[in-house]
Every structure is written in C-alpha cells, then in structure tokens.
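Each of the next two complexes has chain A plus one other chain: chain B in the first, chain C in the second.
== the complex of A and B ==
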C-alpha cells in the first residue's frame, strides 16, 4: 500500500513538474538557511571541556571602586574577569584546589636554528605548571613542567604541534633548544593538536582566538619584565602605573586565574577562602564593594561571556522565519494543487476509497516533497558551510601557514550527528506542517461536489 | 468595477489568500529590519577615518639578537624612511590605527574631575613623532605640531613610557570639545588619569577615527590624544605614507633593504593599509552580505508564492474567465481583476507586516543598542511589496486575460 501511495505521489508530482520543483526548492532553501544558522549556533554553544564542568572553575574577584560602573560591559554586576598580580599571587598559596593556574598571553620573537629561516613573532602563554593538566592538553612528546620550574624560573618551553612542525619539522624535539627573544629554552614537551573552541581559558582577543604556540613558566614574567599582550584594566581610580613594577603592585587586572578541585564539594570551601581573603583586604582599604567574588564553571563562564552572541541568535531566528515563509509558501501551493486535483479524489471516494485513504495518499505526497526538499537542503547546507568556512575564520588565520591548523579551526564549523539528525527531523516536520492542512482539506471534501460537473 | 464580487470571491475561498497575506507580512517584517541592520553595518564600515589609508602602509620589526639597540635603530630608521623620495612622511606608533589594538586612558581638563567616580573622558592614545600627523594624513586645524625637543626618546618598556609622559599632546577636535566644552583648548593643560601626568595641548586635528565601530561607540573611537613619545622597543612599529601611486614601489624597495639597515633585527610584517583596513571590516561586511542575501531569498520565495497562487487561480477559474469574456468583459477587465485582487491580499499582509516589523524593530534596537527602526523604512517596504506583488501577479494575470471566450462553450 505504501509503495502504491508513493507511486501515486510520484506520478502526481510529475504531472506538475514546475510546481513540484517550486515546492521542493522553497523547502530546500528554507531548510538550508535554518540549518546553516543552527549549525553555527550549535558550534558556538559547544562545551570544550564538558567532563570537568564540576571541578574546573574560573576565579574572579570584585575589587572595583564603590561607584557605578561606567564600562562597556553589558553586565555591570559581573566582576572584572581577570585578576591583579597581587591577588592571583595570594590565592595561589591556597591548598584547597588540586591545581591552580595563573597565566597571561604575551608575545616573543622566535629565532629559528635553521639557516635561512627568518625570525618571527609568536604568541606565547606565560603560565604556572598546572596549565596542561587542568585544561587536559594532549601531548605528542614529553610533558609540561613541574611547579619548581615556575619559581626558578626554568628555561623550559612547551611547544604547540604547529610550532614544533615549523621549527623542527614535526620531529620529537624534546631536549632541543628554542631561542625566544634572545634567550635559550629547552623543549620539555610538544602538544598534540589542540584547538579548544571557544577558547574558554582566556577570551582576550576574542572567544574564538587560536591557542598560543609557545608556553613558558610563570616566573619569566618578573625575570623578563614581560607585559601582557592582552587586556590590562586598571579598575581602581587609585591605581598609578608608571613602571612594570607598579603594574604588579597596583589594582590593575591582567591575569587569568583558574582552579581545579579534587571534589566538586571543594568549591564551596574555596569560595569561603576567597571571600575571607577579600574581607581581610577590605580592612586594609581594598575591595570597597560588598563581596562579589565569583568562582564559576566553564558553562557559566561561557554564558557570562555570551560566547554564542546576539548575532548567532539573530541568524537562527532569521533562518527559522525564512523557513516559516517557505512552509507557508509550500502550504499555499500544495493546497492549490490538491484542490485543483480534487475531482480525482472525488472520483476515488465515489469508487470506494474512504476519507483516511485520501488523506494518507496526499500526506505521503507532501512527505515526499518534504524529504526531497530536506535532502536538497542538506546538500545545500553542506555546500554553504564549506563556503562559509573560508570566510568566517579567515581573519583569525592570517599569518598561519599551517594547513593542519587551518583545518582544525575550520573543522569547528561542521555538522555532527546531532545536527544531521536535527536536519532530518526538521525536514519531516516541515513537510508535515506544509501538508497536514491541505491533505485534511482534501479529505474533508464531499465526493459528490466534484462529480457534478464531470 | 466589480469590487463586491471580488471581495465575495475572496471570502468564499480564503485559505490561499490568507497564506499569501501571512507571507507578505513576514517578508515585510524581515525586509525592513534586515535592510535597517545592513545599513547600520555598511555605515559602520564606510565612515571616514580621517586618514590617507590608500597611500599608507606599516612595518613591524622585531629584535633577533640581544645586542640590538632599539633606541639608535629607531632614530636611524626614521631618518632613512623620511629621506626616501617616494615617502611623504613616516613615524613610529604604539598601536596601529584601524586594527583591534587600542590603548586608552581617562583624561580631564582639571584634576578634581579625575578623582570623581567615572570622572574623566576616555581618550585613545597614540605615541608618535612630529611626523605622525603627516604620516596619517591628519589635518591640523589649530595650534602647532610637536616641538622637536619635546619628543621623548623610547623608554625601556610601555609602562616606563607612561611614567615618563610627554609635555606636549595633540588632540582631535572631538576630544577638545569633550574636554573643553566652552573654549579654546590650545595651550591648556590636560591631566591623564591612572598615570597622574599633565601635558599641554599644543594642537588640534580636525578628525580621526581609530577603528570602525558601531554607532554607539562613535565618540569612543574619535576621542584621540596623540602624545609626543617614541614608543618603547625592542619591537618596532612604523607607519609610512607614500606619495600617491608610489606605495607599491616603496614597499618593494623596503622589503629588500629595510631589515638590513640595522643589525640584529628583522621585519616581521609589512602590509599596505588598504588591506589592513579591509581586514578589520571583513566580518561586518560578510555578515551584512549574508543578511542581505537571506532577505532577498525571503522576498523571492514570497514572489513565487504570490505568483503561484495567482497562477492556480487562473487555472481553476479558466471556465469562469471564459464566460466573463464571452458575456462582454474585456481583456483589461480580467487583468484588472487579478491585479486588484492581489493588491488587496498584499495590502492586508502589509498591515499585519508593519506591526510585526515594529515589534521586531523594537527587539533589535534593544539587542543591538541602535536607534529605533525609522518609519520611512516601513513606507519603503510597503511600496516595494506592492510593486513586487503586482509584478509577480502580472504574468498569470496576462495569461488569464488571454483566455479565449470560446472556452466558455467547452465542458471542461
């Protein structure tokens, strides 16, 4: 019976090829627009380290002056998202977290050993030792450094996979030397391909920036007087910055601070510790506001940053509205088509088909349109995403000559199984929405009406 | 004309017309709002910068050896660059305008203002020599350029530059208006918060926009303070303005010989400003383009819907149309019937569409912090849909008008 209905549907569609093409085409572009928007939205709302959502936390302290916030932030209730050196240093002493990461982004010059390769600038991360374990970075060779290397500081580096390819052709470079701005460092580890999307651990320069290429121990900050290449915000009117040393002493925030706990319950203990720290600071004239220290997991952190963004949300709304217009369009055309073929349905009724048969047969025809539209839409979506990939992250990849890295950044825009299943569901739903009413209408018609004029 | 008959026919079979009206309504709401947002974006990227970007380029250098003496090198570089025949002027700079890199400080015309909560006016700071105005192509409208003696040599690092602040600054007219709302700024002191320094305003340039930004940040990117300091090393950043038409030639020459002018350093990047300015605008342009394409598709689908419904009506009414022709209706009457019928459907849609558009406009103005949707967008949208609707129905309507009266005599 289904085969028969399908054959009937196909025949009916073939009868008006132009009209059928219009319906399929309208649904296809509608599904394409929605699916591209939904895919981008889905990608942006991803969670890069979901398995640590109850143990990995960003720490922020509210040390702002007690006056209304003038900043550009849409959420004046959020504390500054970075810490001062003074506070980060104080919190680092706590034993409550299993791992503590204080860090920032800087830039250095790499002078390659190989003859004929010109020196080049590179983004580096100056961080305490726990970085690699806390953020679960993969390692191809070697490992990170120990906490002792932070203080010394040890002349050691960890390279990204891409930097290792550039400097050592991808070979195991552990033990080799790298020249950074005139200082020599020994390679301790080489990371695997690592591209957390969004770049949650430091949203400086945007939440979809690419990770740094070289990692050095935090102690080099003071040893080299290495200032941040990210954002520095002197949140207190009392701050006076006239030298690198004063930047460390004053209430200027520029360090990212993360902690990882052994047990989720440690978070509450840590909150008390942090609140006590700011209470204590208040007695010395700092932290004039009420306690507003936030220790937030990655999910909350990403929503505080609004990583998904208004643009992405608007695209989804626009895509779905577009699909709505396409459904209305197909519904109208379908209704027109069915009604014009009503005499045939009337004849079938008169010959003994019951109402359900008529409805089912027309519904199947509509579903065929929906499935064809969905399939075409899916193909168009894949094509559209391929084009978009090139556009969307071209700005971020400027200067990146590593094809692996380009692919890794672009892989961010992809349809995973859940999105594809969603697309299939959406096309079926679309077919149903467009076809239910016309099929119902045609089923309701009294057969006699259409036999009269024959 | 047969308005009553037309309305009664519409009432008898309302589903199709209702669907088209709904499409028209949504299309109108999408079109006007997208058009408005696209215009905001296009304006954002096409506002004047005040700079001669098409003749400018920049060079970034880095030290490859620890012995590299930045202070000597930068002096020699500036002399060399300014001596080239194809060059109008060259200067060092701390941040490149028209990129995401900015540094800002709060400024005020009196010290007390800086102590108050939210006191001071945010100003973007650019360090440079007396050549910077010429290099960027900024127009001095009052006062004078920097004194050669007032230019601070490079400090050991950025923070130290802040600590050894310059005596002379040049500000944009925008900044002058904000700092000195009622009077001349030339010769007056201005105070920089956070670093607690005072300098004298020696000149005012008419206009500069540091980077493209949404309209609500217009003030922020045009309040600029140019400070007579050579930025700290060891990485150097130079902006060069070539004579018209000679930029490419100068860049080619420098690509060959600039790095080796000074031992121990290299050129990490050299780029013309046309490209730099395009890069920062790329994302906004792309998004505006995508929005416009989607809106056009929505319109196209609606046109197909209008046309399809009319074509269907023509087909199902073939016999009636033949009868009308046979009893005296002229081609023009048939054509008019379809055009008016469609116009009524479209108009119903636009009424609903205006309401939808306004509601969406309010939501968007809150989300994007832009002014409300101006009403003339709605007027334009309604007119557009009327015209497009009539055009869409024209083809089927003409087919209807050409139905032969003889059809009436056939039995289907």
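== the complex of A and C ==
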C-alpha cells in the first residue's frame, strides 16, 4: 500500500508541476533559513568537554570594590572572570581538587633551528602542569610536565601539532630544543589536533579562537617576569600597576583558574574552602562585597559567557518563524491542490477507500513534498553556508597559515551528521505540518459530492 | 440483493430543504437488472448514491446482500463498497494520469490482496471488456466507449455482488451505447445484479424491470417478462 501511495503521490505532484515546485520551493526556502541559523547556533553551542561536566570547574572570586557600577560583563552580578596572582596562588595550595590549573596567555618569539625559517611571534600559554590532564589534551608524542617542573621551573615545552610541523616538519621532536625569546626549552610533548570549540578554558581573548601553539611551565612567569598578553583588569580603585612585581601584588585579575575534582561532591567542600578564604580576606580589608564566589562547570561557564548569545538565539527564532510562514503558504497551496483534485479522492472513496486511506495517501504526498523541500533546502543551506564561509568569515583567515584556524572557521559553516539528521527530521515535520489539515479536510469530504463532476 | 424500506433523504441548506427520496421502498433481487428512469432532479442519482453507500439517509432501513447497512461507520461502508459494489459513471471517472491497467487495479488496492491475484483479476476483467491490448494506454488515448469499457472492467474486477451504473451511456453515441449495454447484459447474465440509472427509454427496456422515479418516489414500474431480454412490458402505475 505504501508503494501504491508513493506512486500516487508522485503522479499527483507531476499533475501540476508548477504548483508542486512552488510548494517544494517554499518549504526549501524556509528550511534553508532555519537550517543556516541552526547550523551557526549549533557551531557555537557545542560542549567541548561534556564528559567532565560534573568534575571540571572554573573558579572565580568576587573581590571587586563595593561599587555597583563595576561590572566585567553584561552581567554585573557575575564576579570577574579571572583571578589575581595572590588569590590564584593561595587557592593552588588546596588539596581538595584532584587537579588545579592556573594559567595565562603570553607571547614569545620563536627562533626556529630550521634554516630558512625566520623568527616569528607566537602565542604561548604559561600554565601549571595539570593543564593537559584537566583539559584532556591529546598527545602525538611525549607528554606534559610534572608539578616539580612548574616550581623549578623546568626548561621544557609542549608544542601544538601545527607548531611541531612548522618547526620540525611533523617529526617526533621530543628531546629537541626550541628557542623562545632567547631561552632554550626542551620539547617534552607534542599535542595532537586539539581545538576545543568554544575555547572554554580562556574565553577572555575570544570565545572562538584556537589554542596557543606553545605551552611552558607556570614557574617561568616569575623567572622571566613574563607579563600577560591577555586581559588584565584591576578590580580595586587602590590598585596601581607600575611593575611586574606590582602586577603580582595588586588586586588586578589576569589569571584563569580551573579545578578538577575526583568526585562531584568535592565541589561543595571546595566552595566552603573558597568562601572561607574570602571571608578571611575580608577581615584583612579585601573582598568588600558579600561572598559571590562561583565554582561553575563548563556548561554554566559558557552560559555565563553568553557564548551562544541572544543574537544566535534570535536568528534561530527568526529562522523558525520564517519557516512557519513558509509552512502556512505551503498549507494554503496544498489545500488548493487537494481540493482541486477532490473528485479523484471522491472516486477513490467510491471504489472502497476509507477516510484514513485518503488521509494517509495525501499525507504521503505532503511528506514527499517535505522530503523534496528538505533535500532542496539542504542543498540551498550548503550553498548559503559556502557563501557565508567565503564572505562573512573569510576575514578570520587573513594572514594565517595555521590549518587549525581554517578548520575552526570551517566548523562554523559545517553541517555535521546531527545537523543533517535534524534537517531531515525538520523537513518531514514541516511537510506534515503543512499537509495535515489539507489531508484531514480532503478525508472529510463526502465521496458523492464530486463524482458527477469528475 | 437490495432491500430499501421507506428510505428518506433530505438535503438541507440554510435556506432550502429538499426531499430527494420520500419513503422510498425498493427490492432488487439477486441477478436482476433494474433500470431507474426519471427526469433530472427526480432523485435517481441520490437513490444510486444511497444504494452505493456513498450517502447516508435520514430515515428508513437498507439491507444489502443480506446485511443491514442502515447504520454503519465509515470503515464498514467503505469495505462493503469495495467488496460488494461496482460503480459505473456517466463521465467514466477514470483517473486521468493512470493507465487502464492501474485504473482497473485501483479498487483492488483497498483489499489485502496479493499482487499476483490482483494481476490475474485485472487481466481477466480487461479481457472480458476487450481491452487487454489497451491496458498500457491512459484514458485520454481511448475513445469514450473504450473508456466506459475500462470503467466496467474496473467495476467487475473485484467481483461485486451489484453494479450501480449512473447513466453509463450518457456520453456515448448509439452504437457505443448498444455495445456498453451488451456488455452490461453479459455481466448481468453472469450473475451480477445491476441497477442502472438512464434517461433512455429504449435502453431501460433492456433491463428486467424499469422503475420510474418522480419527486423521490416510485411513480411507475414496468416489469418485463424475461430477465435476459426486453420483449413485453407490464406497466404498473403507482
């Protein structure tokens, strides 16, 4: 019966190709608009480390002056995104977390040992040893360093896959030397392709940026007096930064701080520890506000950062509203088409089809329209995304030879399997919504009404 | 085969109420060929629609092939239409973009019938009406007579107990009309009951019985003596 209904649907669509094309086109345009919005939304709304959502937490403390105007985001109720060196250093002593990461972004000059490659600037991450395990970075060769090398600090370095290819042609470079701003570091590990999207561990310098290419132990911060190249915000009016040492001493935030717990329940213990720390600080004239320390998992962290953003959500809503308009138009066209073919439905009723047979046969016809509209919509979506890639995001690639950056940009305009499956489901649902009422109407018609006029 | 007792059918609009059938009582025996005549608007087609379970009626009772079909739901009415009734219409009512084979197959789709059996029935029906060679043609490629023969093939493909024909020769010339009537008589001779609405008195006389309808009521019955030919008529005026 399904094959028969499909054949009937196809013949019915061919009976009036212009009207059929109009319906398919309307659905295709609606699906395209909504799918482009959903694809962009999907690219921004991914969870880069979902498997650690109950153990990996960002830590923020609110040590702002008691000044209601002092906000660090669109949400003044949130504490600053980063910590001072003083606070990060104090929290780092806690043994409640299984892993603690304090870190910041800096920049260095790399002098390649390969002939013909000129020195070039590079973004580096100065971090404690737990970075690699806390954020589950993949390794092609070697590994990260130990806490002992944080303190020493050890002249060791971890390279990104891209940097290893650039400096060593992709070979196993563990044990080789890298010159960073005049200091030699031994390569301890080479990371595999790693591009958390969004860059949740440090969204301060762009929520959708690629990770740094070089990682060195946190101890080099003081050893080299290595300043941050990221954001620094002084949260106290008294703070005055005149030197590297004063940056470490003043209430200016510039370090990202993360912890990983062995058990999710450890988070509550840690919250008490942090609150006690700020309570204690208040007795010494710091933390003038009441406790607003937040220890948040990645999901909450990205939400606080508005990574998806109201614009993205609005785009999706507008896309779906537009799809709704297209569905209504298709519904009208479908109703007109079905009613014009009512004599044939009446004839089928006379020949023995019951109401459900007629409704089902017409629903299959609208599903065919939905599938065709979905297929056309998918093609249009791919075309639209290609235009976006070439036009809207092309600026992000200027001057970059890093394939990871290219991949990041392409990821924004890439439809993965889940989005494609969603599009297929959406097209079927769209067809169903557009055709349910017309099919119901045609099924309710009295069979005798049109037999004389057929 | 058909037993209608005091059947009434009223069409209502906001302004007008039209009584199409008034306490209409009709019995048609199995194997009988009955012609229904009457002027336009007399209720002939309504009678056929009610008899064919295409329309419900307001009062009375109706027994078809021994089953009380007075108050059936849509599914049951559809099933009985499909299994017991064949329809032939004045305008042929073939689906224009299906070929003749597919048109004849259409009612068989609504039964759970294996494809092989469907095919055998279609071929048998098309052979009976002499259209085996035309089964790949679409209706517009056939003459009016051929289209009506295709419609007859469709009607008989399901081996119905009764065929309801609404002006089956209304769109045909005399020669074609006679051919169609010959075919219907053959079908009837094979045991299928036929109820035919017609304006043509000559064709009506080829039935076993002619029932003249006026204003939704039987006005006159002409009983012919033979079930296979129309020689003498015995009019009964009511």
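The rule is short, and it goes like this: the second predicted complex is superposed on the first by the 405 of 454 C-alpha atoms of A that agree within 3 Å, B and C clash if a C-alpha of one lies under 4 Å from a C-alpha of the other, contacts with A are read in each partner's own complex, and residues count from 1 in each chain.
As a convention for this text, contacts are C-beta pairs under 8 Å (C-beta built on N, C-alpha and C of every residue); 3 or more make two chains touch, one makes a residue touch a chain.
Computed from a predicted structure; not experimentally measured.
By the touch criterion stated above, A:22 is placed in contact with chain B alone, chain C being left untouched.
In the superposed model, A:355 makes contact with chain C only, not with chain B. In the superposed model, A:86 lies in contact with neither chain B nor chain C.
In the superposition on chain A, A:336 contacts chain B only, with no contact to chain C. Which of chain B and chain C touches more residues of chain A: that partner is B. Looking at the shared chain after the overlay, A:448 reaches chain C, while chain B stays out of its contact range. Taken together, the two structures place residues 454 of chain A in contact with chain B in one case and with chain C in the other.
Within the complex formed with chain A, the chain C residues making contact are 45, 49, 52, 54-55, 74-75, 78-79, 81-83, 87, 89-91, 93, 95, 97-98, 106-107, 109-111, 154, 158, 166. Taken in their complex, chain B has these residues touching chain A: 15-16, 19-20, 22-23, 26-27, 29-30, 34, 60, 62-66, 100, 114-115, 117-119, 157-160, 162-163, 193-196, 217, 234-235, 266, 268-269, 279, 282-283, 286-287, 290-291, 294, 297-298, 301-302, 304-305, 308-309, 312-313, 315-316, 364, 367-368, 411-412. By the touch rule above, chain A contacts chain C in their complex via residues 1, 4, 11, 14-15, 343-344, 347-357, 446-448, 451-452, 454. Against chain B, in their complex, chain A makes its touches with residues 19, 22, 26, 29-30, 33, 65, 67-68, 70, 72, 107, 109, 111, 118-121, 181-183, 205, 225, 227, 234, 237, 239-244, 246-247, 310-311, 314-315, 318-319, 321-322, 324-326, 328-329, 331-333, 335-337, 339-340, 391-392, 394-395, 398-399, 437, 441, 453-454.
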